[in-house]
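The structure that follows is given in the form of structure tokens.
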Amino acid sequence: MIYITRRERFNAAHRLFREDYSDEKNMEVFGKCSNPNWHGHNYELFVTVKGKIDPDTGFLVNLKKLSKVIKEEVIEKLDHKNINVEVDFMKGKYVSTENLAIGIWQQLEKAVNELDAMLHCVKVCESENNYVEYFGK
Amino acid sequence: MIYITRRERFNAAHRLFREDYSDEKNMEVFGKCSNPNWHGHNYELFVTVKGKIDPDTGFLVNLKKLSKVIKEEVIEKLDHKNINVEVDFMKGKYVSTENLAIGIWQQLEKAVNELDAMLHCVKVCESENNYVEYFGK
Amino acid sequence: MIYITRRERFNAAHRLFREDYSDEKNMEVFGKCSNPNWHGHNYELFVTVKGKIDPDTGFLVNLKKLSKVIKEEVIEKLDHKNINVEVDFMKGKYVSTENLAIGIWQQLEKAVNELDAMLHCVKVCESENNYVEYFGK
Amino acid sequence: MIYITRRERFNAAHRLFREDYSDEKNMEVFGKCSNPNWHGHNYELFVTVKGKIDPDTGFLVNLKKLSKVIKEEVIEKLDHKNINVEVDFMKGKYVSTENLAIGIWQQLEKAVNELDAMLHCVKVCESENNYVEYFGK
Amino acid sequence: MIYITRRERFNAAHRLFREDYSDEKNMEVFGKCSNPNWHGHNYELFVTVKGKIDPDTGFLVNLKKLSKVIKEEVIEKLDHKNINVEVDFMKGKYVSTENLAIGIWQQLEKAVNELDAMLHCVKVCESENNYVEYFGK
Amino acid sequence: MIYITRRERFNAAHRLFREDYSDEKNMEVFGKCSNPNWHGHNYELFVTVKGKIDPDTGFLVNLKKLSKVIKEEVIEKLDHKNINVEVDFMKGKYVSTENLAIGIWQQLEKAVNELDAMLHCVKVCESENNYVEYFGK
């Protein structure tokens, strides 16, 4: 079993809030992240897949194909977007980094299997001080 | 003459566009950065000041005071904000990184002088691949 | 189960040595790190906690609360301090990065539980070339 | 059980290709990495070992000794070398990052045991966007 | 006057040597970098241009156009290449980082002018410990 | 004229204080950095030299020789040392990063000239948020 990780990046706007809360209550619970006018981040995404090395190539997966999958299933939907408003797989969810990591896992799991590998970890870095990891369970 | 640089960070949403352009024209000129629903960044700000060392302390400036000035004049106005909508010193300007660097210089120049130092450079990093520097002239 | 990591930093002096060794013997075993006049580092601390997402917020833990706990229990006791001389939770221990990671775990475990999360990993980076991880067992 | 990681670096040339493929077929499967004139990388190697803390020193392993082992068994054989042509432990293998990580593991396993520690992970970073991890099974 | 910098990256093989030197003499003068079997690097290239802000856009230059110019004139010629053997603008030169920076400057100067900006600095980072800057004079 | 920069690192303890101040006064002026029990940093040093390319080698300077000079004149005197107590070229000075940069310049200037280059800049990074640059005048 070998593990390979690909980093991709996206820039996006978001907001942490509940519609059933007042602005004051949102500020109390979510702080500055609840700003109704949005804020944003340079997100870094690390996708780790695992499996066996293909004896014909020495590869676990072809990284170009893995990168293409991540771009099609995740980056194109998030990059330069408003995550609360425009991202179908985040509809109806609070846009926390935790939920974003799980949403990205669900976007990628099937497509990674089709590359003859297993998704192992989705890591989303929101800033140099914070990141979330999800291992699918 | 000695130079000292302080890094501060802020997260913000913005949009590149002209009100007198259609969405299509904005997309043509400004690309994905013109998304009407906003996007955002983790900005890094490097403020360089210059001057003479104070023989009483060995300092050019007290870094705590410099950091306080940058936070009060710049970071509190930008962090977790929508730069187009909420930032007084960017009102009426295109929110390019170039204009942002100049706006930040104008916010800081007088306050740095009051610390007995001269503002030398404002550097704004929008991503790991792009940054702008302004030297005041 | 989801994992979230918070980075905090501290600067400190320390020394690796045994009181029952001569300076020569300490130099032989601990090298330059045994300098009786101390040396120091910019330490980076990564604290990973795990648990379930709170359906009311989308958070595993409120990162501001996690950061506050780390600052109160760990950073305030280590930052700009001499670890051998001034840090109560390291008293009587050799100040290796290994023992520091375990000491920080013991400082944090209970306080993290009170945030309804479990401490998963304490990672202490002493330099860009060395780091220690402790998982509590 | 405690984990300690040492980073070392090496610069090397390599090429991804199969001798039984034409240049065209190699380009199709391995892309630009198949260039018959070679290309190269600044590789970063992170070696993680695990074990118990020695009560006489507070160390899991003496990092100078671990660094010396990594340099002798791995870095001296790879640094400023052509991995396909000059590295005995990669002879007859496709020089993918996956195979390189496994080859490095095999170079290190016995020597780490002799330091009274267990090899836990070999992580090889080929670029800021890609890395491979091998845990020995 | 405002300054904007774009980072691009390339991976390449090279060798430092003189044809009129023996292998021994090359080793003496150029060290491990003279290995006849090549070695390589992940190079980082920072291109800084300067000029006036276009009042119609708030841009000094459109970064997509600057990135395209750098890719066409420099990156496509260097990436995954052997700099000694395959790069026309380095033919007949010693492939030091110094000469590489000057060669890249010459590739870019005219194309940057056509973007209504002036080339200010070409910075080439060969490793985390070394970089060269050229300002055109 | 071409510029080349070499990075070296050192870990050291220091303290900011005046002997003629009480501990309370030192705390007021220098903050936590005045701790009588010392604290420390991982310092990064960037030394930039300038000059003409040697047509015999393609080098401005041989980086191994530059690195050797920096290690002999600076790093060996600072690494794993207490800067206030043990570093001859800082005796009688306040150990601010400003004074450290000037002291390092004075250590290097003559030795760099002997490599047929001119010292251009000494940059000392005390943390990821602060650095000082000195250009010799």
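Observations
Going in written order, the chains are labelled A, B, C, D, E and F, and every chain counts its residues from 1.
Here is the rule we go by: a contact is a pair of C-beta atoms (placed from the backbone, for glycine too) under 8 Å apart; a residue touches a chain by one contact, two chains touch by 3 or more.
Since the structure is predicted, the reported quantities are computational estimates derived from the model, not experimental observations.
Looking across C-D, A-D or A-B, the interface that copies C-F in more than half of its residue contact pairs is found at A-B. Note on chain placement: the centre of chain C and the centre of chain E lie 42 Å apart, centres being C-alpha means. Mean C-alpha position of chain D lies 28 Å from that of chain E. Mean C-alpha position of chain B lies 34 Å from that of chain C.
Counting partner chains per residue, chain D has residues 128 touching two or more of them. Contacting chain pairs in the structure are A-B, A-C, A-D, B-E, B-F, C-D, C-F, D-E, E-F.
By the touch criterion given at the top, residues 16, 29-31, 93-99, 101-102, 128-135, 137 of chain E touch chain F in their complex. Those residues of chain F that touch chain C in the shared complex are 9, 11-14, 32-33, 35, 37-42, 79-82, 85-86, 127-128. Contact residues on chain B toward chain F in their complex (touch as defined above): 1-8, 48, 53, 57-60, 63-64.
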